[in-house]
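Chain nomenclature is as follows: A, B, C, D, E and F, assigned in order of appearance, with residue numbering initiated at 1 for each chain independently.
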Amino acid sequence: MRIVEIAVIILIVLAFGLLITVAFSYIAPGTRIRPLGEFYLYATYNPYDPIVRLFTVMSPEGVTAIVWDFRGLDTLFETSVFYLAIIGALALTRGLMPAPRSEEGQGLSVIVKSVTKITAPMILAVGASVGLHGHLTPGGGFQGGSVIAVIPMLMIVIFSVLFLAKRMNVTGFLILRSIGLAIIGFTGVALFIAGLVLGVPAWVFQNMPKPGAPLSMPVEVHGALISGTLWFFNLAEMVAVASGFSIAFLILLLVKEVEFRGKS
Amino acid sequence: MYSHAWQTSSILSYVGEKMIPGETLHYLVMAVTALISVVATYMAITEKDLLKAVIFSALQSGMYAILYFLLLAPDILLVYIPVAVGLIPGVLIVLISKTERWEKE
Amino acid sequence: MEPTEFLNLYLLSVTIASLLANVAISLYGVFYKPHYTKKIIAVSILSDSANTIAIFIGFRRWLSPSQPPSVAIATNLSREGIEKFANVGVDPLPQALVLTAIVIGLAVTLFLIYLGYMLYCHYKTLDMREIRRLKG
Amino acid sequence: MLEFVIIGGIIAYTIGIALLSVIAVKGPTIGDQVLAIDTITYFTLVIFSLLAILLKQSLLTVTLIPLALWVYALDVYVSKYLISGDLGA
Amino acid sequence: MLDGATVLRVIGSALVCLGAFAAVVSAIGFHRFKNFYLRLHASTVGTIWGTVYALVGTALISLTIEEFGATKWFIFGNIIVTAILVFLLGSAGSHTLARGVHKARVARVQPCVADKLDPELCG
Amino acid sequence: MVPETLALNLLGPLTPTLIILVFLTPLFAKVFRSDRKAPFILALLGVLYSVVASTIVFLYVYQSGKPLVYLYGGWPPHFGIVYEVDAFNALLAMLTSWVMLPIVLYSYWYSHHFDEASWYYTLLLGLLTGLLGVIYTGDAFNLFVMLEVLSISAYGLVAYHRERAEAVEAAAKYALIGLVATTMYFFALILIYAGIGSVNMALLAMLSRFSQTLNDPGVRYLTLLALALSLWAFTYKSALFPNHFWLPDAHPEAPTPVSAALSGLVVNVGIYATARFLYTLFGSDSMLSGYREAVLVVILMLGVVSGVVGAMMMLLQRDIKRLLAYSTISHVGIAYIGLSAGFLTGYEEAVKIAVAGAITHVVAHSIAKALLFMSSGVFIDATGSRDLDDLQGVGRQYPLTSISMIIGFLSLAGFIPLIGFYSKLLIAYGYFVAGLAIIPVLIIVISAISLLGYMKAIVAIVFGVPRKSVERKMGIGWVEVTLFLMALSLIVLGILFYYLTPIFEKASLDLVKNVGTYVNEALNYIPGGLSKWLPYMR
């Protein structure tokens, strides 16, 4: 009986919770967070404190600041893991992705199609807003890109693969993604190269000026806060992620059934 | 422009004294959500119909999304929703449609 | 311990106990369920649960009955606003780490799914017991 | 009064979610389950907006739109699978 | 006495209360109705009455809360856009789901009075 | 004397440049419509840069005697990511780059087996990036990310021959459990952050020794759990005994140069990370001191079992690449035996010698195993089969490769002028100093058993009677020369070992003893001294 099993599991969880409450009440979060986290909160946007102002990102968004500046290296390699997974998938399915069939697919009913057509521009606007305000509001490149990626995925499912393939194929998406990621990489080393050229010390992934490394990316453009590299990272990542999601979905849809010659 | 007729001091002053406090409510929704996610996980693991299992895992993802919201992590939620409700179930459904739908005993 | 305080702690404990239960169930699924697709579902639930526990670690309790914790985003950019913000915000570091972990988990899961398709092309089944038998 | 509305609303919608999750788990057909998950998600949207007011966090409402979008995508996947068995056709 | 904020709050609260009522009713309806096509009705009650109205209500309430400061227009915009999206996508989603279920003959119409589209599913 | 600025400016952009090359490789392949040449040139550029950079970094670290710290984004340790390179790191990274160079060269010859070879080079460069990142990084979470970069490339490369069912199945098994393992490592990091409040290695090393708040038993158990979980992940990556099941399937099924990279380099990563965790982060004077010794004893026993099982299984194999894969398991076991000497508290000299032996063993095994896989690839290409019966006598057509292969086998077996002998000698000597004579005996037993396996392969390939006449393929001369140079390096390292001992000793000392320098060098970069930032640390 499934119901009984579920009930037993729930009871176990509740009892275990009681146990934890009594025995290990210090595991539960308290009203203070860890000191490192407090530093990040204090330093993410702080032109005031005399010491911390030397170590600020000038972005009110704590998480995006950590993701792209404090721990920018992590994020560069995180997106490259996604990229390498897609490269691995393309390597697995090499030669197995013919151009889509020539006849137009059925798709879903006309009601869904027209609703999707109406909402697509809204989705694009929302995605761009989520992505490009990543340094001010929740969101960022990945989030915005994944919202935008709804459009190609809905196009595939609601219309057909051919509908999308007329506009963009896997190679096109791959090139878009490579370019986006390369922009991220070059933005990361931009100040370092500038430092080499100008003969000024600079770090890889530097954004704001640091003690001993005075170069800086622009904090504001015409009075609008862009937080240096963060805005460029978000823009490039948005393009890269939107195309990455589309490739990930397309590969498995397009790959044709293959018959390998027996077991070797 | 706005009068303060409805606002005695803060939104929550009334709540804190006379009803279930906001804090407890916050944690209560958290606990209920986490419990539902346990049920969904259990069903997803034991279900024989893989399409249903994918849908259970989508339910579990939705519950985790609520948890992320309650834990005040909107960035994570924005990443998690496309990944766990959008992309992975989609690709899994494609995989199921290309391979097999039923898990044998 | 006051009853309200006990109730709060108990509810938080139930949350974390549920997450641990999810970890346990999904580990069972990874190792003991024979079907490959099921294993993928289980492993994605496993990594999600680990991520949620991570966020839970960085959570902050309500400071007072009228002072909820704040998201890790400053809205008031004045000097006082920033100083207050550091005392009410939740920990952003676990969130950033989890963001990384989610994308990594997505990448590996996707790759597993493609591998599953190639497996099916070879063996015409995804049941790992069958595959072991066919491989001999 | 407002507090009563907010907290009562959250509790009511939580009850709704709990009831619907029974259907989402048990529901005789896949259609029922997906429908229940849909409705759960839409209720979640309301809970989110109410909680944003309760927690005084306006920025949390960014999360509403992607949630609505991707659940729609889930609907579409399942129905496309049911109709044609091939998501790309 | 009756100024803008109060009016907004009263209207918003009324909408949220209506939504909460509809939500519970729709959740109960899911249990009471016998087959998928009837539950579709319950789901639609939950979507339009339970969600869109309540979202509009919370948007109105959020305009009157002073702690949000300048960001109240942000939250208002977000919620209204969400309400519009739910209004469009929720209906379209349940439509396509119903179509899919009917075409794939997953759910039977039971108890049945008539099914003009596909008589075999009846009974 | 290498200037510090040069070393820093080469170290910092190393992994970002490599990953930019990874991003550009498919782009170049598409733009220039060249599937082999353009990607190969990019990969070669990447590996040459890494060779130069890692060598110069090593020279700097060895000469100056203190770790090199690179701050990414200029963030001081603990607030951002740092690369911290001591002699141990630097040696392993230099080894990785230098072994990767012949592998990339060899890939150019090997890539006539591939269609669309650009994906292959992309993944290979990704593998190199991951390897270097894991080894150089001074941040435990960055290690997780780089481990995933490494792993995903490895999964993709193992499944590269997707028309072989075994390859796909091995990759699926490897990737599935690998994802569980890395998730467990992530969980461990979260527990460490919850308990100690940092993910920076230097800071963790300091806090685990000096923090007063950590005397809470709850925190100690939490950290112990974290240590256990992370060690499981690392031993999975390096295929120690109970976690070795994936290796004999995955390594042989990969393309031959990738087998060389996996067996020669990827397993080192697990050994490296285990050493970092058990010596630098949670050393004998840390809060886990009692438990750590127990963990090390367990690892010692697992290493012995691993060595014996690998050697025994080697005897049963008819497949040359599978034989080499089992030999990897055996040698990983021996390296772990040397590494786990840390439980001998009170015998500092013994620990130092045994760990130096383990590091030497890693070096010796990497070069020899890469050489063996690649030379076996030459023979497999000639006959089209991996079975030892079909490979009978094929070595006569390729005398230079045969000689290199014999040298490689002799080094692995531990013959006297080769470096493989000295590594085992050092490990055995370390245990002798501490009075544990059973371990040297076990090492000799493992070597004796595995020698039988090696002899079987040598006899079959070089001295066997050819079943059918095998033609020598054209255009393989430079591949043979490359392999011979690798074999020569084994001999040279062995003969000059007396002069090289200080290097391995320094690496061992940096790992075992000079933790204070490691921590202090990182703390020096915190502006204004530690005390000013103390409110932001626990």
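In this text, a contact is a pair of C-beta atoms (placed from the backbone, for glycine too) under 8 Å apart; a residue touches a chain by one contact, two chains touch by 3 or more.
This is a predicted model, so every value here is computed, not measured.
With steps allowed only between chains in touch, the distance from chain B over to chain C comes to 1.
In this structure, the chain pairs B-D and A-C differ in their number of contacting C-beta pairs, and the larger number is found at A-C. Comparing mean CA positions across the assembly, the chain most remote from chain D is F. Taking each chain's centre as the mean of its C-alpha atoms, chain D lies 10 Å from chain E. Chain A and chain F, compared by their mean Cα positions, are separated by 31 Å. Chain A and chain B have centres, each the mean of its CA atoms, that are 21 Å apart.
With touch defined as above, residues shared between interfaces to two or more other chains in chain A number as follows: 6, 9, 13, 17, 27, 34, 36, 38, 40, 61, 63, 70-71, 74, 78, 81, 84-85, 88-89, 92, 108, 112, 126, 130, 137-139, 142-143, 146-147, 150, 153, 157, 248, 252-253, 257, 260, 263. Residue positions of chain B touching 2 or more other chains, listed in rising order: 6, 11-12, 15, 22, 26, 28, 31, 35, 38-39, 42-43, 72-75, 77-79, 82-83, 86-87, 90-91, 94-96, 98.
Those residues of chain C in touch with two or more other chains are numbered 12, 14-15, 18, 21, 40, 51, 56-57, 59, 61-62, 68-73, 75, 90, 93-95, 99-100, 103-104, 106-111, 113, 115-118, 122, 135. Looking at the complex, you find that chain A touches chain F at residues 24, 26-27, 34-36, 38-40, 43, 51, 54-55, 69-74, 76-78, 80-81, 83-85, 87-92, 94-95, 171, 174-175, 178-179, 181-182, 185-186, 188-189, 192, 196, 203-207, 210-213, 260-261, 263-264. Those residues of chain B that touch chain D in the shared complex are 6, 11-12, 14-15, 19-20, 22, 25-26, 28-29, 32, 36, 39-40, 43, 51-52, 55-56, 58-59, 62, 65-66, 69-70, 72, 74, 77-78, 81-82, 85-86, 89-90, 93-94, 96-97. Across the complex, chain F is touched by residues 27, 30, 36, 39-40, 43, 46-47, 50-51, 53-54, 57, 93-94, 97, 100-101, 104-105, 107-109, 111-112, 115-116, 118-119, 122-123, 131, 135 of chain C.
For chain D in complex with chain B, the touching residues are 1-4, 6-7, 10-11, 14, 17-18, 21, 24-25, 30, 33-34, 37, 40-41, 44, 47-48, 51, 53-57, 59-60, 62-63, 66-67, 70-71, 73-74, 77-78, 81, 85-88. Contacts from chain A toward chain C in the complex involve residues 9, 12-14, 16-18, 20-21, 25, 27-34, 36-38, 40-42, 44-46, 48, 60-63, 65-67, 70-71, 74-75, 78-79, 81-82, 84-86, 88-89, 92-93, 136-138, 142, 248, 251-252, 255, 257-260, 263.
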